[in-house]
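Chain IDs A, B, C and D follow the sequence of writing; residue 1 opens each chain.
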Amino acid sequence: MATTTIQPVERENYLNKEYGVGSWLFTTDHKRIALLYLISITFFFFIGGFFALLIRLELLTPASDLVQPDTYNKLFTMHGMVMVFFFLIPSIPAVLGNFLVPMMIGAKDLAFPRINLLSWYLYIIGGVMMLHCMLTGGVDTGWTFYTPFSTAFSNTKVVEAGLAIFVAGFSSILTGLNFVVTIHRMRAPGMTWSRLPLFIWAHYATSIIQILGTPVIAITLVLVVAERTLHLGIFDPKLGGDPLLFQHLFWFYSHPAVYIMILPSMGVVTEIIACFARKRIFGYSFVAFSSIAIAVFGFLVWAHHMFVAGISIYAALVFSILSYAVAVPSAVKVFNWTATLYKGSIHYDAPMLYAFGFIGLFTMGGLTGLFLAALGIDVHVTDTYFVIAHFHYIMVGGALMGYLGGLHFWWPKISGRLYPEGWARLAALIVFLGFNLTFFPQFVLGYLGMPRRYADYSHMPEFQVLNVLSTAGATVLGVGYLLPMLYFLWSMRYGKPAPDNPWKAAGLEWMTSSPPTTFNFEQEPIVTWEAYNYDELDTGHKQEVKVVG
Amino acid sequence: MSDSTVVGLHDEEQHHPELLHHFAEPQQQRDAASLGMWIFLATEVMFFGGLFCAYLIYRRMYFGDFGAASKSIDATLGATNTAVLICSSLTVVLAVWAAQTALRKLLIGSLVITMLLGMVFLGIKAKEYKDKFEEHHVPGASFSFDHVPIPGHPGQYANPRHAEIFFSLYFIMTGLHALHMIIGLGLFAWLLFMAWKGRFTPEYHTPIEIGGLYWHFVDIVWIYLFPLLYLIDRHP
Amino acid sequence: MFDNFPLWPERASTAAGNVDALFIFLLIVSGLMTLLIFTALVYFAARYRHRRGVLAEQIEGSTPLELTWSVIPFFVFMAIFAWGAAVYFKGRTPPRDSTEVYVVAKQWMWKLEHAEGQREINELHVPVGRDVKLIMTSQDVIHSFFVPAFRMKQDVVPGRYTVAWFHATKAGTYHLFCAEYCGTQHSGMIGSIVVMEPSQFEAWMNGGTTGPLSVSGEKIFAELGCVTCHRGDAQGRGPNLQGIFGKPVQLENGRTVTADENYIRESILDPGAKIVSGFKPVMPTFQGLVSEEQLNALVAYVKSLSHSLATPTGTAAATAQDNSKAPGSAPGSQVQ
Amino acid sequence: MYFSVWAALLLGTFITYKVAYIDLDRFNAAVALTIATIKALLVALFFMHIKGAHEKLLKLVVISTLFFLFILLVLSMADYGTRTWS
């Protein structure tokens, strides 16, 4: 990398080009907006995490002694709402995606920079509404808003929470819209679809879900709010409505929303594995299309959340079989990542440790999904801690692991500084161990029959041992999440300046300076190479690529 | 990955004044805007789609009650409104065509007529709402729908609770549609202002095009709302 | 030590064995898959760790391999699906001639009423070795009837009946949970299922009752004046209800429906919804006039008219003899 | 051409309005929705210029959106339509 050796100390970049609050709040630079998102979602992550910690502390003992049941109900509701709508859904797309999508395809910015800023403001407005809702009493419906509890029975701030999520939803829609248009229209000359990094494919698939799924939850929340304030009967059986219709509409979005969280994470992990195995990804096109397949199939499976809700058993059969269809492309991805390591030259830097952690936890989360999609087993384990454990393996073990891995991987590019490698490896290890200690016992609890959303289990003392283990794990996990925040902050001031390409990674984002300039590239790049050309990077010339089998 | 692969294509001097800095050429900017609008309309389809889903399920469940409720709305007003919107769609395409061919007077005239038709639509809508309000067909405490016969089933009366669901959906669907019309009017007021100032040229008229796409979409939504809400079971 | 730290739930119904078998099969399948992936990961990670001077070998991919690891899992998944569907179907179709228990859920308690008339709150006594069908509805929000030891769960939805069944195999006391979040005291909406040996159960059943549910239903049927139209002969203004339960009913609009619990419920609350062919829509609605319990009794009564042997009294016009409002004299948990 | 499309749309509105008053049993809805779909297609193809679009992408956007709308309607109906099967 001859072009990256010159390193003047104060080169102009997107961070030091302008100073002052206004230069941030009115910026249209996708990288600055990404940082605005980074700060805001980190804030919400720690709020959601605080709720989680209180939940775990309450469950340390069977009796409801730390908080009252109604407080507990608000805690898990707001934990869910904050983590899902204000952390996980924006996490990778709005931070890493915002920062990297234009750079990876060789564009100067997203197609609609002002809409990008608008979507951050929508997120903030939604976030402030959510905070206001939480500070003035909170909401206790569960993040699922099931009717008729939410529309006719709960006496908490349902309307406020619904509107907050409605507004934040538009932020997500606009981000997705921006990505799709950018990926279609803004690719640099030579950047064909088959040369796109798989991170881009993953974000493209994610955007499809954001664009087509989010409006449905938006209108559903409008109906809930209207029903609650005007006493309509659309979901209320007392007035002739059907509460299951709400569940259909809710899960039509909220199941695909899981893929909004996990697909970008898969994209991140793909980049990391390719880099630290120094290899082209095994089966590039299969990995790319499996992202699209997951996004599309993800829309066909929603009612597997409703197998015991009173839906028709024939519909249940259809949704069960379709749920297995979505498992195939997920399995394909795991196999391809594993195969990529074959005959690689593997480095164990911190991002790679996160990627390994991701594969392990995602595999377990995915396989337990097979249990839940099996109709007969779902009857027993749905609405128990088995489900809690399963989706935390996917969303925390998967999505969050990927997010942290990506943050480490691109931190030198984002901040222009290196983080302390030793601490980072330690944090990865702590997160992995803490995570398993927290959530593995919950699989057992779930099969034993402990229902979710129970503030008090004093009549079931047999559940306590596993709950204690889980709470112990949660504290470890908490430390694991605090560490990266501390050393990232530390590195911004004391970290060593990062070279342009510290990992010698492939991809356009590594060919510009660290941190990049405002328009990303000094000159518009022309792409003449395939994605993941690690052979050229490591040897300076193209190797013969083998096709096995 | 040597320097030879990175060649400057960037040429600041050739920029059209309306070309934003991060686009390479006007065509790219136009294509991006148009694709963006289409994708936005896709989200709108799904937004209304959730309502259509609820509507279809209840219509199937409570067909007779929905028929009775639907019959209480004035279908002639609905048909008139459909015609009004179709005419406004025509003036919108004329506006786009006028912008492409630099016929400024036609452009401004079409935009004005479009907005007038939009207001006529909203006026008729308001009349409909007023009638419903006076008939106590607005869901809520004063709702009443007693002894309304179910079409085709002599002696049977609609269940008021099910009719109330119809009217809830009717007001939410037409209300959201009307909200889209109002936003459209705002959009077109801005387009008219820009056209007045002569900002649109055959090279640069993307705002007119994407504004037009929006207007047509709102028209299409109404094309479905009209038979679904007004014409369920009209025959004597 | 495992009393306080169980790793496997008790197995006390026929369904439990079916679910456990599939669960164990899935544990093995997913265990093997995990083992395969983890072994490969660890082996590759160790074998191909970076060594100075050794370069990665670039491999494009392999379509046959991709197909293999798509198709084989697909067939495994289909096998799991089929097995799961079979277990589910079995668990969703109550056998004929099950003993029936009506369940009314409300914030935050379970009210249970045996067809024989016994009422209980938060506790259900059932015998070993009999099929028990639960006909459930909710007075307010959605609840879920969950008995882990039976591997059985069914949401209880307001405004309609949902049905579940089990066949207990082992005497004992088992947890009953509400599994669908239902408000503040959700975690207090628990109870127990007491499975008894048949002889003990008979003794318990004889502990005091107001008579079968269908008899209370008959009483309500008479009190509400239903009998004036739904007569036992063909002269009534409403359909003769004798023997209709479980049979197809020809509707005025040409369709046919099966007269199940939900149909009878709907016909009482929303009589205009499905008019029986040949009858006029003259029946008033009983929405708001009957409680969920009374509704259950009416349904039980209409059903009893179809069990030729079990029909308590010959004609619908007969009034119930037992007019004294007998308070619950049953000991323990039986409540009026 | 715009004017003939416009005339066709007005004609469609008139027909759908009149046909609604004729008893066609269950075909009333089918006719009304068919006419609505034809009208929507006319607007989309000619007024929104999908017909002359120089690339297939816009068509792809439209078709995939309709596909997912179809999924939403059909799969949720699949539940309601089969609930009473025994």
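Definition applied: a residue touches a chain if its C-beta (ideal position, glycine included) is under 8 Å from a C-beta of that chain, and two chains touch if they have at least 3 such contacts.
Computed from a predicted model, the values in this text were never measured in an experiment.
Geometrically, the chain at the heart of the complex, using CA-atom means, is A. Judged by contacting C-beta pairs, the busier of the interfaces A-D and A-C is A-C.
Subunit A and subunit C, compared by their mean Cα positions, are separated by 37 Å. Centroids of subunit C and subunit D (each the mean of its C-alpha atoms) stand 41 Å apart. Chain centres here are Cα means. That of subunit B falls 15 Å from that of subunit D. For subunit D, the set of residues touching two or more other chains reads 57, 64-65, 68, 72, 76, 80-81.
Shared interface positions of subunit B, defined as residues touching 2 or more other chains, are 35, 39, 42, 46, 49-50, 53, 57, 61-62, 159. For subunit A in complex with subunit C, the residues that touch the partner chain are 64, 69-70, 73, 140-142, 144, 146, 148-149, 152-154, 237-238, 242-244, 277-280, 282-286, 307-310, 313, 316-317, 320-321, 324, 327-328, 331-332, 334-336, 338-339, 341-348, 356, 359-360, 363-364, 367-368, 370-371, 373-380, 382-384, 444, 447-449, 451-457, 459-462, 464-466, 534-535, 538-539, 543-549. Listing the residues of subunit B that touch subunit D in their complex gives 34-35, 38-39, 41-42, 45-46, 49-50, 52-53, 56-57, 60-61, 75-76, 79, 82-83, 86-87, 89-90, 92-94, 97, 152, 212-213, 216-217, 219-220, 223-224, 226-228, 230-236. Chain contact summary for the complex, subunit D toward subunit B: residues 2-3, 5-6, 9-10, 13-14, 16-17, 20-24, 28-29, 32-33, 35-36, 39-40, 43-44, 46-48, 57-58, 61-62, 64-66, 68-69, 72-73, 76-77, 80-81. Here subunit C touches subunit A in the complex through residues 3-9, 18-19, 22-23, 26, 29-30, 33-34, 37-38, 40-41, 44-45, 48-51, 54-66, 69-70, 73-74, 77-78, 80-81, 83-92, 107, 140-142, 144, 146, 148-149, 151-155, 157-160, 162, 175, 177-188, 190, going by the rule given at the top. Across the complex, subunit A is touched by residues 1-3, 5-10, 20-24, 28, 31-32, 35-36, 39-40, 42-44, 46-51, 53-54, 57-58, 61-62, 139-141, 159, 161-162, 164-165, 168-169, 172, 176 of subunit B.
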